[in-house]
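Chains: A, B, C, D and E, in written order; residue numbering restarts at 1 for each.
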Amino acid sequence: MGPIGENEFLFILQGLKWTVLLAIIGFVGGGLFGILIALARTSRNRTVRVATSGYIALFQGTPLLMQLFVVYYGVALLGIDVNAWIAVAIAFTLHASAFLGEIWRGSIEAVPKGQNEAANALGLHYVSRMKDVILPQALKISMPATIGFLVQLIKGTSLAAIVGFIELTRAGQIISNQTYRPLLVFGIVGLIYFIICWPLSHLGSGLEKRMAKAVR
Amino acid sequence: ATVEEIKAKGTLVVGIQGDNAPWGFVNTSGKQDGFDADIATLFAKELGVKVEFQPLAVANRIPALTTGKVDILFATMAMTEERAKSIQYSKPYAANTISLYAAKADAVKAPADVAGWEIGVPKSSSQDKAVTDAVGSTATIRRFDDDAATIQALISGQVRAVGGNQFYGQRLDAASAGTYESKIDFLKTYNGVGTRLGEKDWNEAANSFIDKIKASGELATITKKWMGIDLPTFPESIPNIPFTVK
Amino acid sequence: MLNSSNDQSTLISLEKLQKWYGSFHALKNISLSVRKGEKIVLCGPSGSGKSTLIRCINALETIQDGKIVVEGQLLDGSTKAVDTIRREVGMVFQSFNLFPHMTVLQNCTLAPMRVRGTGRADAERLARKYLERVRILDQAEKYPAQLSGGQQQRVAIARALCMEPKVMLFDEPTSALDPEMVKEVLDTMIGLARDGMTMICVTHEMGFARQVADRVIFMASGEIIEEAKPEIFFKSPQHERTKAFLGEILAHH
Amino acid sequence: MLNSSNDQSTLISLEKLQKWYGSFHALKNISLSVRKGEKIVLCGPSGSGKSTLIRCINALETIQDGKIVVEGQLLDGSTKAVDTIRREVGMVFQSFNLFPHMTVLQNCTLAPMRVRGTGRADAERLARKYLERVRILDQAEKYPAQLSGGQQQRVAIARALCMEPKVMLFDEPTSALDPEMVKEVLDTMIGLARDGMTMICVTHEMGFARQVADRVIFMASGEIIEEAKPEIFFKSPQHERTKAFLGEILAHH
Amino acid sequence: MGYTFDFGAVFDRAPELLWGSLGTIGLALAGMLLALLIGILGVAARTSKIPLVRAPVIGFVEVVRNTPFLVQIFFIYFALPLMGIRLNPTVTAIIALGINGGAYAIEIIRGGVESVSKGQIEAGFALGLHKGDVFRLIVLEPALRAIYPSLTSQFVMLTLTTSVCTSIAAYELTSAAQRIESDTFRSFEVYFTVTAIYLVISTLMMGMFALISRHHFNYPTR
């Protein structure tokens, strides 16, 4: 009912803070868990491999929105008294770990086989082999795709709005509810997303080009 | 948790709407505000505890209560038979009129006149239920995430009418003065405090609180402050919606 | 006579190894024993199983039947046996397989630190010693990509030596190198041999074989066809296949 | 004498072509006329502008100055002129450039159907005729990836012939081929020449030049240095550069 | 907590779930077709020599890829009518999905187009084919084959994105779920069931793509 003033804009920026925080939580949680997924996916144990490929198929094959709903309501059913934060953090971690796990599996497999054999021949154990030899190389290979997914994740946090989380999009909805100018508000919200995501996208594709050249 | 446990804990978690001004909304400084927030704050004071608000989306209100995420709902819950099967209502403490809003230029007198129209409502709200019951079989109902989207849909011409509450007139005027008006009143609903089924202590605490603020005039003051209207008269009973735990 | 695996000084003993890749019989009943300090050159046509054989010794491949004993440790598939054996056996690959994200020095200190638990200072001292040994100490802070192929292979040798293995396996260590670089790697290997290192070396560098090998073993189709001292092997090979093979190889030199 | 572009039977006439790539002068004042049925071999050192010259004739490159006339059609940059000329001129590339997602037959029928509007049945009849001509009709249903290099190049020739061009341009058609396959492609080209096709051929196959060329043209640094009948060209070249070049080429044969 | 699961209330609404699923599949398929079309036309423009043709496409791709779908669909549904373009929710959803998927498709297909060798294109010109024919007949198919796996996963993602269309009241599976939830209050059961349905739908989509590839891209390569 009012114009969009400083207060409203600050409120949207408050939402931005949560958006960034959610993305970071998703990325860190998904990253840590994603490494485990990637390792399990490349494990020699068939059962572990099949189980993780099921996990990946599940989280890549269902909408993030539904994952948020199911975790949000499901966690409460388990009798764990959690706030929206934890539910959303869990959902983003699961979602991100499936995607990052799959990206990193690809890059682990892209590390030349000889590296693994050389590490084996030196008597290195699994943990050292992965930590010291394979993963550093794999993570470098995966950088463009990883950054690409980070952009997706930042945009994906907008769905947390639907379970009532006041991040950027939700803040926009609230302001548009109060000012009745959804177009202007969502224009601003869209612009803010663009300002965060665009440089990241460019970093990612820049890295990709540089690596493509290095291979040639 | 029981009332006594909450008193011991010292904090009451209230489920409330976060984006439904003036009922319950998070204001621009990030604080919970609105009619329900004022009432709930009074209630917490009555219990002698601090209040903590949990803003909920329309569809999450009942699950949040039944799964124990919140202790009590001051969440603009219109009292319906359906919902009374899932939660325990108190006596009503607010009233709401649900009507059809459309352009002045459109001649609408009765539900039959909107046959074939597209009508917008906020998803899972009492408007949704009222409009669906009244004209759902002849008109197309479009369900949006919230009031803002619903009103925007009418202004953008995406729907020809919307099911709204008493505040819609004011908001539509703000967006486009003199264009829209209220056409048909579908129903008057009353809001009650929501507690979990069978939990007598909560229900009694809510009811005696409502009696007290009615008598003291505090309810009237808050109603005037937020709605700009005098305190409506509330019915003593509503069929199939018990106000007390039996 | 040569397969007397109970000899006091026997370091490696292979008994009736059988190895299949799916339905393909890659190693057929291989028996071989290697004494301490012995230098063995393994040759034979492509696909004859040379790489497979030395990879089995190092547990990089699993065998379906037979026995592998290194320094008294039976390779029984247990993690402990694999660990013990890999500590005694160093390996150098055709394609170097240096770790590209580590400096030369880091390549050399990794395994001692992680596997033996050597402290960093000691590990670096050791690494410098062996880098010196292969005459490449001045490159210690460089990354593999900054080195020539010959230099990379010498680093790979130093890296394996840092684990102070009892035996070194070489799988065609010079065949990915430009001709000028072959000599520098061969010289390094000859030096090692002189110092008494036990070695099994897959190579077609016959000059090297003549100079250092105690025995030359000829494989074909997964079998050991012939084994002999180099002077005998080159002058009077017994089998037709050996003769044909030598004819071809020597024609190119 | 050879540049008399008003000769009744002149098929291609180039007048004072100038071609720059940026500041690099790739073709310098090239004039040339080709009569119906004439076979011309173009040779010269790498980078001398041979490919550039024949690509200009086909409008794959634009020129900065000069005139190109093919069958009376002036190449003036209009789409119509480009279309007309490309219909009269077939081209075969060093790297075949067959379309990998089409069968041999589809490769051959594509242009007649799309450009000439020939019906499928007629286009296939035509394609079969020319595939027969290059003796590869039995491979008509295969995909390029299933053929050897020599077979692919013969399909490329058939594909160009299907447009029934008046002149064929070849840009080193055999230099990407294994030696055994060179002959099968050269034989095909010799056959075409015998049948009276006008041809301009960039090649260093001097046997082919001797056998079929009416004229050999030698280019260097973007200029035509010398042109002559093959017997004269090979026996008594006039210019120093030609002599040097021939010396080098013939040394390899 | 004494919560008892009751899927019965959800299964009673199976017909709605079925219609919702069909809505989702319909939106997804239509969105994909549009995305593919935008992708192909966009690539044609993106690789044009004229900067004025290229620039808007680059801008389009950057904006769409760096803002959330939710914001995009709101914009089309609520903003375009103010400029006189009023689209119903279904059409809006299809267009939004097509635009979103199209922006990604442009970048993916461009990668494929760039992988087609220059020689192929020259061979097409030398045979007298026109630009359009060369692009359509010679460049596009090998390009699509080269990028088919990435395009597939992008399109499966598009299928899942249809769930967001519920916010403009498009009829699809998530809307149906929210209706059922608001009637039954069986939130967990509803979303659990619907998640399973989405899994089936996306698996079917992948199967469909695998089939298409087997029939369409069956030429051998080296």
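Here is the rule we use: contacts are C-beta pairs under 8 Å (C-beta built on N, C-alpha and C of every residue); 3 or more make two chains touch, one makes a residue touch a chain.
All figures in this text were calculated on a predicted structure; none of them were measured in a lab.
Trainee: Which other chains touch chain C while also touching chain D?
Mentor: Both chain C and chain D are touched by no common chain, going by the contact rule given at the top.
Trainee: Setting chain C aside with everything else in place, what contact-connected groups do the chains form?
Mentor: Ignoring chain C, everything left is still one piece.
Trainee: Would you say A-E or B-E is joined by more C-beta pairs in contact?
Mentor: Ranking B-E and A-E by C-beta contacts puts A-E first.
Trainee: Going by average Cα coordinates, which chain is farthest removed from chain D?
Mentor: B
Trainee: Taking CA centroids for every chain, report which one is farthest away from chain C.
Mentor: B
Trainee: Using CA atom averages as chain centres, what separation in Å is found between chain A and chain C?
Mentor: Comparing mean C-alpha positions, chain C is 45 Å from chain A.
Trainee: Quick one: chain B and chain D, Cα centre-to-centre, how many Å?
Mentor: Once rounded, the distance between the two centres reads 83 Å.
Trainee: Just the number, please: Cα centre separation of chain D and chain E in whole Å.
Mentor: Measuring from centre to centre gives 46 Å for this pair.
Trainee: Please work out the Cα centroid separation of chain B and chain C, and write it as a whole number of Å.
Mentor: Whole-Å distance between the two chain centres: 81.
Trainee: Touching two or more other chains, which residues of chain A qualify?
Mentor: 73, 77, 162, 182
Trainee: Show the residues in chain E shared as contacts by 2 or more other chains, in ascending order.
Mentor: 1, 3, 74, 78-79, 82, 167, 187-188
Trainee: Spell out all pairs of chains that touch, sorted by label.
Mentor: Every pair of chains meeting the touch criterion: A-B, A-C, A-E, B-E, D-E.
Trainee: For chain E, which residues count as touching chain D in their complex?
Mentor: Interface residues on chain E, with respect to chain D: 117, 119-120, 122-129, 133, 137-138, 141-142, 145, 217, 219-222.
Trainee: For the complex, which residues does chain A have touching chain C?
Mentor: Of all residues in chain A, those touching chain C are 112, 114-115, 117-125, 128, 132-133, 136-137, 140.
Trainee: So in the complex, which bits of chain E are touching chain B?
Mentor: Going through chain E, the ones touching chain B are 1, 3, 74, 77-79, 81-82, 86, 88-89, 167-169, 175, 178-179, 181-183, 185, 187-188.
Trainee: Mind listing the chain B positions that touch chain E in their complex?
Mentor: 59-60, 62-63, 66-68, 82, 86, 120, 123-124, 128, 142-145, 149, 152-153, 156-158
Trainee: Using the touch definition up top, name the residues of chain B that touch chain A in the complex.
Mentor: 18-21, 25-26, 28-30, 54-57, 60, 63, 67-69, 145-149, 151-152, 171, 174-175
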